[in-house]
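Right after this note come the structures.
The following pair of complexes shares a single chain, chain A, combined with chain B in the former and chain C in the latter.
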Partner chain A sequence: MSLGAHLFLALLEGTVGALVLALTALGLSLVFGVMRIVNVAHGAFFMLGAIVTWYVSTLLGSFLLALVVAPLVVAAVAVVADRLVLRPIGYEPESTIVATIGLLYILEQVVLMVYGPYARPVTAPIYFRVDFPWFGYSGYKLIVGVIAAILLVATWIALARTKLGLYMRATQQDPEIAQAFAVPVGRVYTTAFGAGAGLAAVAGALIVPIQQAHYLMGLDALLLSFVVVILGGLGSLRGTLVAAFVVGLSDGAVSVLFSPTLAKIVATLLVGLVLAVRGRGLFGEEIA
Partner chain B sequence: MSQDGAATISRRRFLQAGATAALGAHLPGPWVGRAAAQAEGPLRLGFQVHRTGIGAVYGRWYERATTAAVKLINEKGGIGGRPVEIVAEDDGTDPKRGAEVVEKLAVQHKVDFIFGTLFSHVVIASAPRAGELKIPYIVVSEGYHVASGRLNRYVFQPGITDVRAQVTAVAPWILKNLGKKVTLIFPDYAFGHDHRDFFSRVATAQGGTIRALLPIPPTETSFTKYFPRVPADTEVLYHVMVGPGVLTFVKEMGEHFGARRPQIFGFIDSLEGVDLASAGLEFLEGTYFWEAFPRYAAATMPQHVRFYRERVGVNANGASVNDPRDVSTFSHMFGCWETLFVIKRAVEQSGYKKPGAAAYRAFIETLEGFQSFPEGTEHPQGPKRFVGRLHQVFGQQVVSKVEKRRLTVIHRTAIEDSMYAPEADYTKQPL
Partner chain C sequence: MRLALEGVDCYYGEVQILKEVSLHVDAGEIVGLLGRNGAGKTTTLRAIMGLVRPRSGTIRLDGTDLGRLRPHEIPGRGIAYVPQGRRLFPHLTVEENLRMGLLVRGGGADTLEPVLGLFPMLGERLRQRAGTLSGGQQQMLATARALCARPEFLLLDEPGEGLMPTLVGRLLDTIVALKARRVGVLLVEQKVDAVLRVADRVALIENGRIARHATPAELAAEPEVLLRYVGVRR
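After this line comes the complex of A and B, so read on.
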C-alpha cells in the first residue's frame, strides 16, 4: 500500500473513531459540567447500551428499535441510580467518585451474571463492504460516523436552543443563582445524569455490530472519554468535540503509519502535556 | 475496694473462661475434622478458574468440562475409592490475583492439588507460588512455559499440548500447501510470543520466509489499523488471537482484504467461543484452522468422542445443548477432562493419601514416570505421549478447512510430528 492509501485509511479510521468517541465523551462532559461530579460509571453505561442492544435486536429482531430502546433503558437506570445513590450523598465530589466506582462494579457484575462472559455479535442492519482500490472498509462504520455526527448536532441544538438546555447551562454556571431564578436544579441534575448515560448508551449501541457486546467493553470507552474530557477542558462541550477529533485523528494516523501502541503513548503524553501547561484543558473555564 | 477487686477478677475470669470455651469449641474442631477427613474423606482439588476477566469464556467451559469429568469419576467410584470434590476459585484472568488464588487454595482451603489455569501470563505469575508452597500445580494452558523449563518441578501440563509442539506439527503443512511467505499476527504476550518464536524458527528452517510480525496488545478492540502493515507479497496470513475481541478481529480482517486475501491459516483460538456462522465471517470460507479437537461433530467420530460431547453437553456444532448460541472452547476444554484422569491415575498409582512432602514426592515421581495415555474415554482427544523430564504431554494436531460455515478436518498430524528436542529437565530439580 502506498503512503496516500495509508493516510486515507488513517483518516477514515480516525474520523469514525473520533465521532463515536465524541458522543461517548460528550455524556461524561455534560455530567461533569452540570453536576460537577466525576462519573466513573460512565463506561458501564456505554457497555449497558451495547448489552441492551444485543437483547433487543436478538429477542425482537430489530436493531433500529434497539437503537431507540437502549438509551432510554440506560437513562432510566441512571435516573434510578441518581435518586437512590447520588442524591442521598448530596453530590459530594469525593463520595460520588467512590459511589460511581461501586455502581460500575455492580453493573458489570450483574451483566456478567445475567448475560455471561461472552462477546456476542449483533448483525448490522445495513452491511456492505466499500472496496477501495487499495483496501476494503466496512460500510456500516461509515454509517456509524454519519449517525454519530447527526446525534452530536442534535445534542448541540438541544443545549443551545431549548429551555432544558438553558436550564442546564444556567445550572452549570451557578446552581445557587439558577435556583433563585426558579430553575429546578434537582431535576436538572437528574436529567443531565440520565442524558449523559443515554449518550454513552447510543454510542455503545452503535458500536455493537462492529465490536460485539461484552461486559468489560466499558473500560476502554471510559479511559478514552476521560482523556478527551481532560484534554478538552472539563465541562466544555466545544472542547470535548475538538479533543475527540485531536485524539481520534492522531490515533488513526499514528496507528496506521507507525504502531497502535505508539498511538496510545502519544494520547497519554498529550494529556500529560496539556495538564502540565494548561491545567484546565484546551477550552476549560476557570473553576472558582 | 475489695468489692471492686472481686468484680474485676470475676470479670477477668469470666472473659478467660469464655475465651477458653470459644477456643475449645471452635479452633480444634475443624482441625480435627479436616485431619480425619483427609485420611478417608473426599480428595479435594483446587480449581483455579478464569470466571471473570478476558478469559471468562474459556473459564466457563473449563468449569463445565471439569464438572462433567468429576461427575463421571465419582460415578465410577472416585479416585482411589475417595469421592472428588472441586474447590473452585476465580482469579479474574489476572496474574497478581492468580498467585493469591494459588495461596488461598493451598493454605486456606488445604486442597490436595491445584489445576486448571489457562492464560499464560496468569500461569507464569502463579507457578512460582505453587513451587514455594510445594504443592503440585497442574495447568491446562498450551503455553511453552512448562516445557521450556522456566517454571518449577511442581508444575505439570499433562492434559493439553504446548504451542511449540502445535506449531512444529502444522508448520510443514502450511509451507507445503499454502505458501512460503508468511506474515504473523499474534497477541503481544507470552502465549503469542511462543507462536512468534517457534513458528518463525520452524518456518525459516524449512525454507519459508517471515514477511512481517504483527504483535497486537491483548486488550485491543479495533484491528483495522493493523492490517495495512501486512506486506503485499504475503502468501499466507497466520493469525492467532485471544480475548473478547476475536470476532471483531476476524471480521475486520475480512473487510480489509475481501477477495484479494492471501491464504489464511488461523489458530482456532481466534474463534474459540464464537459461532463460525456469525455475520461478517463469510470470507473465512476456504481458509484453514488449526484445531486440537474438532469442534464440529463428524459421522466418523469414535464412540468415546460421542460420549465426551454428550457428558460435557455439547451439540453437533460445538455449542451448548441448552443454548445453541453458547459456543464452547472445544479445542481447549478437553484438557481439563484429560488432566483430571491423569491426576486420578497418578494418585492411585502413587498411593497418595494426604498432603505432605513424602506423599507429594511419590505423586510427582509417579507422574514423571508416565510415558503414554491411550485414546479412549479418559483421553478422548486422542492418544498422548508424556515426556516426564519436560512435564509436558504430546498429541495429535488437526488442520481443518472452513466449508459451508463449518470446520471439516482435512489433515491430522502424528504425535511424532510435534516432538522437538527437549531443552529442560525438571527431574533434576530438588523437591
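After this line comes the complex of A and C, so read on.
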C-alpha cells in the first residue's frame, strides 16, 4: 500500500478507536466530574461489559440483546458497589481510590473463576466489507464508530438538556448548595456511578467482536481512559471528547504506521507534555 | 405558618457552635439575626436547611419536624436559602441557575416572569454563565434563584455583602415586597442599618446563644446594645 493508503487506514482505525475510547473515558470523566472520585475499577466495568456480552451472545444467541443487557448488568453491579462500598466511606477521595482498586481485583478474580483465563471471540452480528480503492475495511468497525458517536451525542444531550443532567452539573459544582435546591445528591452520585459503568460496559460490548473477551482486557481501557481524562482536564466532558480524538487518532496512526506499543508511549508522552504546559489539562473544571 | 427553632444545639466536630438557640419567624414577618463574626448566624441558617444537623433541639415548619427530613427534602417544604458569598453554580447559565430554583416546587413561566420582573437585568443575560456576572448581578441571581423556589420562608445570609448602596436599597425593597406577599424572611446581615430598616424583630446572637430579642425601635433607643452584641456604634 502507498503511504496515502496507510494514512487513510490509520485515520479510519484512529477515528473508530477514538469514538470507543471517548465512550469509555466519558464514563470515567462523568464519575470524577460529579463525584470527585477516581474510579480505578472503571476498566473492570469495561471488561465486565465484554464478558457479559460473550455470555449473552453465546447462551442466547443475540448480540443485539447483549448490547442492551451488558450495560444494564454492569450498571447494576456499579450501583450495588456504590451503595455497599462508596457511600459508607462517604466518597472520601483517598479511601475511594483504595476501595475501587479492591473492586477492580474482586471483579477480575470473580470473572477469572467463573469465565476462566481464556480470550473468547464473539461473532460480529453483521459482517460486510467496505471496499476502498486500496483495501477493504470491516463494516462492523464502521458501525461500532457510528453507534459510539450516537451514544456520545445522546449522553451529551442528556447532560445538557435534561433535569438529571442539570442536577449532575449542579452537584459537580457545589453539592451542598445543590441539596439546598432539592437535589438528592446521594441518588445523583449513584446514578453517575451506574451511568459511568454503563458507558464503559457498552464500549466493552461493542469492542468484543473485534478484540475478544478476556478478564484482563480492562487494563488497557483503564490506562487510555486515564490518559484521556487527564489530558482533557479532570471533570471536563468537552475535554474528554477532544482528548479522546487526539489520543485515539495518534494511537491509530502510530499503531498502523509503527507499532501499538509505540502508540501507548506517544499517548503517555502527550499527557506529560500537555500537563507540563497546562497543569489542569485542556479544559479543566467544567462538565459540559 | 411559622418556622421555629427551639433549644437547638449544633456542633462542628466537638466544637459547639449553637447553644439552645430558640427563635421563630411567622409568615409575612422579617426577622433580623445580628451578631459578631463567628457568633453562629450562618450556622443557624444552615441548620434550618439541614446542612448541619442539630445534636439536640427541634426545628419545625408548622407541624413538620425538619430534623426528620433529609436536606434535599427541606426546600420543597417552602424554605429557600440565599447563602453567604452567593454560591451560584458558576458554570451553569443564568437560566439554568434559575431553573434550579424553579425545579424545587415545579414552578414554570408563571413563577419565573414575576421574578425576572424584580430583576430585569437577569432576563437580558439568560444565556450568560453565572460565574461571569458582576458581584451585584450575582447577588441578584442568588436571590432570584431562591425566589424561583416559591418560598414561604426565605433565609438570606449577608445578601448585601459587597454590594453598592443603591443595590442594597433595591435588595431591601425586594425583601419588603416579599413581606407583602406573606413570605417570612430571616435576614442575616452585617449592615445593621439595613436590618433595622426592614425588620419587624431582631434577634441578637452572641457565642452561639440568642442573647436578646428586640424591635428595631428598641435597638435604636439603646445604641449600647448594638455596640455590645454587634460591635457597631450608631
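Assume the second predicted complex is superposed on the first by the 282 of 288 C-alpha atoms of A that agree within 3 Å, B and C clash if a C-alpha of one lies under 4 Å from a C-alpha of the other, contacts with A are read in each partner's own complex, and residues count from 1 in each chain.
As a working rule, contacts are C-beta pairs under 8 Å (C-beta built on N, C-alpha and C of every residue); 3 or more make two chains touch, one makes a residue touch a chain.
The shown structure was predicted, so the numbers you read here are calculated from the model rather than taken from an experiment.
In the superposition on chain A, A:120 makes contact with chain B only, not with chain C.
By the touch criterion defined above, A:166 lies against chain C but remains apart from chain B after alignment on the C-alpha atoms of chain A. Of the two partner chains, chain B is the only one that A:261 touches; chain C does not reach it.
Residue contacts after overlaying the shared chain place A:17 against chain B, while chain C stays out of touching range. Applying the stated contact rule after C-alpha superposition, one finds that A:9 touches chain B and leaves chain C untouched. Judged by the touch definition given at the top, the superposed model places A:135 against chain B, while chain C stays out of reach. The larger set of touched chain A residues comes from B, when the choice is between chain B and chain C. In the superposition on chain A, contact of A:176 is made with chain C only, not with chain B. No residue of chain A contacts both chain B in one complex and chain C in the other.
Considering their complex, residues 51-54, 56-57, 59-60, 216-217, 219-222, 224-228, 232, 244-248, 252, 255-258, 273-274, 278-280, 325-326 of chain B touch chain A.
Per the touch definition, chain C reaches chain A in the complex via residues 49-51, 70-76, 81, 83, 87, 89-92, 96, 99-101, 103-104, 145, 149. Interface residues of chain A, counted against chain B in their complex, comprise 1, 5-6, 9-10, 13, 17, 112, 116-121, 123-124, 127, 129, 131, 135-138, 210-212, 214, 216-217, 220, 252, 255-256, 260-261, 263. By the touch criterion stated above, chain A contacts chain C in their complex at residues 163, 166, 169-170, 173-174, 176-185, 285-287.
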